[in-house]
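Two complexes are shown next, each including chain A; its partner changes from chain B in the first to chain C in the second.
What follows is the complex of A and B.
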């Protein structure tokens, strides 16, 4: 196991977001640094205990502005998509993401209620199998994990432990992959373009091939630019490098496309 | 209105008229236009084929066409209805016998990435087939 200090995967793993959650007419506030590589499902129970201990978990949900939060999407992806921040624009003000906690009037056409951590675990591992299927034509690598490895991977997510996470992630995403799974988010209320790409290409070439309306050129961004893990990527970056260092724990490369800055 | 807030209002109005802001407006308009086209394209029909796993009720017909812009939860609800099951009963669906899509995944994306010979193959069962 060769983990260089401050390697890119480790830096990405350590990336977190300061979050403030409040509820209307409730003086309490929940403050936390949430890892980008984590899920709101992991804090929903704590939020419920703070704001509304007597209600059932299924009635609880979060919003950011007018968007309802999907607890089964990675925190980092949701921030890139919903914060309307441009990573190229540096501000001196610290980032604090404000979210609102709700009980009842569940927006069931937009999000699914979470009833337990088992539901979340099942959801997470199915997403992992889906990305594995894209890479390998079947979910063979995930299914081949021993029970110990599966539990270790799950615990690494819950405990946010890089040293339990990285060896299994490398085994699943890097060691055998020739094709990588991609999800391109065209905007907050816009479609997601889900596709795959081979190693040995640049991001620009992949964008030009799959989203040519927004990327007529594979070297310049004219309308939108790609953000992955909160970083604006150059179009020259290779699919190899993206796959090796920038995957989320579910095995996907979730790339949010934001308007170019002026 | 106080004089200071009038000043602020004047400043805002000036900025709204500046070429810089007009450019941003045009950019967003262009983006919205293309996204609109994408949404239109999403309205195509794609084919689903269902297969039962284990001791599960069979369908009279197991091939259906569905609008690609729908989310997977629509397929789950539809299948429960076709099988005569209650909306809150347990029914599990797996694409290509491998993974259960999240209910908010778009059918079009699943089809484009996982279809075989023109069909998105969905296995279904009332009990958990595998974890």
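What follows is the complex of A and C.
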């Protein structure tokens, strides 16, 4: 791997997960390599066509074990949270994430029903505007995107096109602002801890400030450790570097906190 | 003389006895941030009335009460209070379609509510909830010129929420009216 040819953001963009989706008592299986930077909303229609072509999209949902899959969260975040894998101890054996497709008994208190891609687009751009608001005190950068830029950004997500994605992402995320938006995930049953942090600090300092119960030290992980884009981050990493290279397409840094292995 | 600043948590705590006196269940939960959790029954706006005439008396069908579960928190992104809610019209399953939610509101508010409401992650659980978009709240506070240090900070904001979600939020307004009288 030649790091000079692939920047960190491009390597992050290329990260993907092998997924197998099945339905009970159905011999068919859906196999795909999904980008970590994509959303299950993007394949829900394909899954419906394979497993249940006659039902409406909003009756369909996915689960990983006992957890319902939130299609409006990035695939990579869901995997880091639900797979219970520890990147520090993972072997070189290939990973296949098994999910189940369901129709009916929709968990309506846990997942938003997706009736069309417009619902997903609306959710995505709401999140993007929110991250812009955190950075800049208003959603002006997102709102100021031309229709062509907005469509290009949306299509870059759908088509997984780094070269259309990166210039607009850089414009939105690496601005004059010194504040970055963060979401911490403490477990599949826990609410998200949403906050912001200033550039010029370390991740350890941010965690110690906002979740001191689990991060009594800003340099050593004793109870939990942070995983971002499938990578266990050192607490000494700077917020500047995280913001520049590790943001998800909605502009947030989604950091999953997993138990420290003994 | 130094006047100590009122924290958002203190604003929330001030609401609890006011709401409790009106039968609204309240609990302040600390999930890395203070969130006021509320529960009450509300009478929705009813467009449909079916009347039967029987022996000169009229029977009128009205919609059953709606169970409301709500959360008030300080938005870490938008730095304003944020109102989340779930509506249960049959006791078990929350309403997840915007048109079903707005159908319970006053007709004159529905268009405004359609623009102001979104659904997303509930701040107090791993579930989802409707919320009034904080961008709209920003505009309200700029117009109303209410300071975070005013004791009327949250009551004024609740009036704004009520303008969007009436009559679902009527019990909150009645509670605040009781306190002021």
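Here is the rule we use: the second predicted complex is superposed on the first by the 257 of 262 C-alpha atoms of A that agree within 3 Å, B and C clash if a C-alpha of one lies under 4 Å from a C-alpha of the other, contacts with A are read in each partner's own complex, and residues count from 1 in each chain.
As a convention for this text, a residue touches a chain if its C-beta (ideal position, glycine included) is under 8 Å from a C-beta of that chain, and two chains touch if they have at least 3 such contacts.
Note that the structure is predicted; figures quoted are calculated from it, not measured.
Q: So if we stack both complexes on chain A, do chain B and chain C clash, or do they fit?
A: Verdict on chain A: clash between chain B and chain C.
Q: Kindly classify A:130 by the partners it touches after superposition: chain B alone (first), chain C alone (second), both, or neither?
A: both
Q: Regarding the shared-chain residue A:42, is it in contact with chain B (first), chain C (second), both, or neither?
A: A:42 contacts neither chain B nor chain C.
Q: Is A:139 touching the first partner chain B, the second partner chain C, both, or neither of them?
A: both
Q: Thinking of the overlay built on chain A, is A:196 touched by chain B (first), by chain C (second), by both, or by neither?
A: both
Q: Does the superposition put A:188 against chain B (first), chain C (second), both, or neither?
A: second
Q: With both complexes overlaid on chain A, does A:259 touch chain B (first), chain C (second), both or neither?
A: So A:259 only meets chain B here.
Q: First (chain B), second (chain C), both or neither: which does A:113 touch?
A: Touch partner of A:113: chain C, not chain B.
Q: When the two structures are overlaid on chain A, which partner does A:223 contact: first (chain B), second (chain C), both, or neither?
A: The first partner, chain B, only.
Q: Is there a shared patch on chain A that both chain B and chain C touch, and which residues make it up?
A: Dual-contact residues (chain A): 70, 72, 111-112, 122-123, 126, 129-130, 133-134, 139, 181, 190-196.
Q: Show me the residue ranges of chain B that touch chain A in the complex, using the header's touch definition.
A: 20, 23-24, 27-28, 30-31, 34-35, 37-39, 42, 73, 95-96, 98-104, 106, 109, 112-114, 131
Q: Provide the residue numbers of chain C that touch chain A in the complex, in ascending order.
A: Listed in rising order, the residues are 31-33, 76-78, 86, 93-94, 96-97, 118-128, 133, 135.
Q: For chain A, which residues count as touching chain B in their complex?
A: 70, 72, 111-112, 122-123, 125-127, 129-130, 133-134, 138-139, 181, 186-187, 190-196, 213-214, 223-224, 259-260, 262
Q: Over in the complex, which chain A residues touch chain C? Could you list them?
A: Touch list, chain A to chain C: 70, 72, 108-113, 122-123, 126, 129-131, 133-134, 139, 181, 188-196, 210-211.
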